[in-house]
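Multiple structures follow.
Next come two complexes, and both contain subunit A; in the first it sits with subunit B, in the second with subunit C.
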Partner chain A sequence: MLELAIGIILGSCALGAGIAMIAGIGPGIGEGNAVAKACEAIGRQPECKGNVTTTMLMGCAIAETTGLYALVIAILLIFVAPGRLVDILMETIK
Partner chain B sequence: MAKIDDTVVRETRYIAGVVIILSVIMEAVFLIIGMWSYKVLLGNILGGTVAVVNFLLMGITVQKAVQKDEKDAATLMKLSQTLRNMMLLIAAVLAIALPFINPVAAIIPLFFPRIAIALIPLRDRKNNNGKENDNGE
Partner chain C sequence: MENDKQRFKLLDTVYIAMMILPVVFGIVLKILTTPLSEGISISGAKIFFTIKMPIQDLPITESQVHSWLVMISITGLCLFLTHGLKEKADTKRQHIAEWIVENTQKLVDGNMGEYFSGFAPFIAAILGLSAFSSLLALFGLYAPTSDVNVTAGWAILVFFLITYYKMKCGPVMYAKSFADPPLLAPLNIIGEVATPISMAFRHYGNVLSGSVISVLLATGLQGLSAIVFGKLPGFLGEFPFLQIGIPAVLSVYFDVFSGLLQAYIFAMLTMLYVAGAFNADEYFRRKAINNAKS
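Right after this comes the complex of A and B.
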């Protein structure tokens, strides 16, 4: 029974990490769209290339932070959460 | 290898500067709360370097992407984002797996570029004030 409980904990943590990393898809799509629109803007007004690039760079960096949050949550779920949850389970059984 | 655009170099320098300042502040906080050790320093160096390299790689990708057509640019950015995410994942796993690196001190600096971007309006305001003063004289 204990093995089953630990297995469920580990499986849930792995599943949670996988679901958290779905958030990593968003920034990729967002950055791709932003750059595509920037290409369009630079094509229309080539003299604004510097300003457009700076603004886009900062926008991409902000968009990327979302993916970073997801990455940190996934890492915590894989490396930290299982140990803590198993400890709590053991204490409850005692 | 193509020359890196001046805009990318300038912004990366700014990000690197802010990351260094915030890293020093973080080290000071660790020192004050009595948790400082060489592991924190190594973690900070790893995290800070990865954060700046991540931003630089993003800048280089953006520089290349704006020279392509819309569809290719979007694909290139998605590919770059995936690869950079993997780089961050490897760095975070290394920080957790290696016993001589503090994982917290390695992960916190990954968010410093976001803080640097939030401080950009302050930098711009300062630059604008400087220009206005120069014009006034």
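Right after this comes the complex of A and C.
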């Protein structure tokens, strides 16, 4: 019975981490848009390539933030949560 | 004259040793403290020892030790570059030092305006510390920036700076700035707190995700080469041929490009947030009124 409970905990943590990383879609679309517009801008005005590239990298890094929040939650779910949850389970059994 | 030259050379050697020895020390420490184990594991910063404190014990971790090593190394680099400055630059190192100082000054002046031109050393320090911390991963050491505590410390420092410059026009103006549209005050307060959190998580997440992906790829390549070359006799069958070179390509992106880009972005956001927090018009208006009174 205990094995089943621990198995459910581990499986749910792994599933949760996987589901959390769906958030990667958002930054993907956003950064793709940003790069597309930057390419258009460079095509229109090749002389301001340096400025456009710097601003684009900056914007990309900020758009990435939501994806990184998801990554942090996924990492917590994989590396931290199982141990904590199993500890809680053991304490309740006692 | 001869004596001066000898002293100059001796100091140079000391500074170069100051640059290189911390990294060597870190590698030796890593070799001594890493237990022998099979396979590759992903773990956080190792705790060397814990200091007993009244409220909360203070653990001395790998990330703290490594950030001190980076600081010593950067100090050595700065001393080496500025050693023997002359009025007219004729050595390579003086040209490099001048290039760094001029470019940081230009960056700060361009992004923050005239009032903040004294911020150049601070921004250069953040840039250098962050960039070299991330580059430490190239030596196989634990990068301090992949620990959220380190980046959170820097982000909290930036948060204090932002609050200080918002307070420049008095506490009343500071309180008023949250209630810009009065209904949105709770959102503004959440946004204020979210600034340091997002800065810390952005930097830490980027560096950490790079190292996690590198470890996963290394493990995967080990398994793949065991499948492909496993039939070869003896030593040849056990040696992971596919691990040669392929992880290095990813390392160029994750360690070098991503680390330097995040350092630049952290410094850039610091400049933008601090400059944006300061209400220059209001401050100078009040100053003029105060001057007229006295």
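Following the convention adopted for this analysis, the second predicted complex is superposed on the first by the 94 of 94 C-alpha atoms of A that agree within 3 Å, B and C clash if a C-alpha of one lies under 4 Å from a C-alpha of the other, contacts with A are read in each partner's own complex, and residues count from 1 in each chain.
Operating definition for what follows: a contact is a pair of C-beta atoms (placed from the backbone, for glycine too) under 8 Å apart; a residue touches a chain by one contact, two chains touch by 3 or more.
Values in this document were obtained by computation on a predicted structure and should not be read as measured data.
*Asks:* Can A:Cys39 be said to touch subunit B (first), subunit C (second), both, or neither?
*Replies:* Touch status of A:Cys39: first partner only.
*Asks:* Does subunit B (first) or subunit C (second) touch A:Ile6, or do both, or does neither?
*Replies:* After superposition on chain A, A:Ile6 lies in contact with neither partner.
*Asks:* Quick one: is A:Glu64 in contact with subunit B, with subunit C, with both, or with neither? Answer first, second, both or neither.
*Replies:* both
*Asks:* Which partner, subunit B or subunit C, touches the larger number of subunit A residues?
*Replies:* Answer, by number of touched residues of subunit A: B.
*Asks:* So in the superposed three-chain picture, is A:Ala14 touching just subunit B, just subunit C, both, or none of them (first/second/both/neither)?
*Replies:* Neither: A:Ala14 stays clear of subunit B and subunit C.
*Asks:* Which holds for A:Leu89: it touches subunit B only (first), subunit C only (second), both, or neither?
*Replies:* A:Leu89 sits against neither subunit B nor subunit C.
*Asks:* Counting contacts the way the document defines them, which residues of subunit A are shared by the two interfaces, the one with subunit B and the one with subunit C?
*Replies:* Dual-contact residues (subunit A): 57-58, 61-62, 64-65, 68, 71-72, 75, 79.
*Asks:* Taking the touch rule as given, give the residues of subunit C at its contact with subunit A in the complex, in rising order.
*Replies:* For this pair, the touching residues of subunit C are 42, 44, 148, 198, 201-202, 204-206, 208-209, 212, 261-262, 264-265, 268.
*Asks:* Help me check something: in the complex, which residues belonging to subunit A touch subunit B?
*Replies:* 24, 27-29, 31-40, 42, 49-50, 52-54, 56-58, 60-62, 64-65, 67-68, 71-72, 75, 79
*Asks:* Could you list, by residue number, the parts of subunit B that touch subunit A in their complex?
*Replies:* Interface residues on the subunit B side: 5-8, 11, 15, 54-55, 58-59, 62-63, 65-66, 68-71, 73-78, 81-82, 84-85, 88-89, 92-93, 96, 107, 110-111, 113-114, 117, 120.
*Asks:* For subunit A, which residues count as touching subunit C in their complex?
*Replies:* 57-58, 61-62, 64-65, 68-69, 71-72, 75, 79
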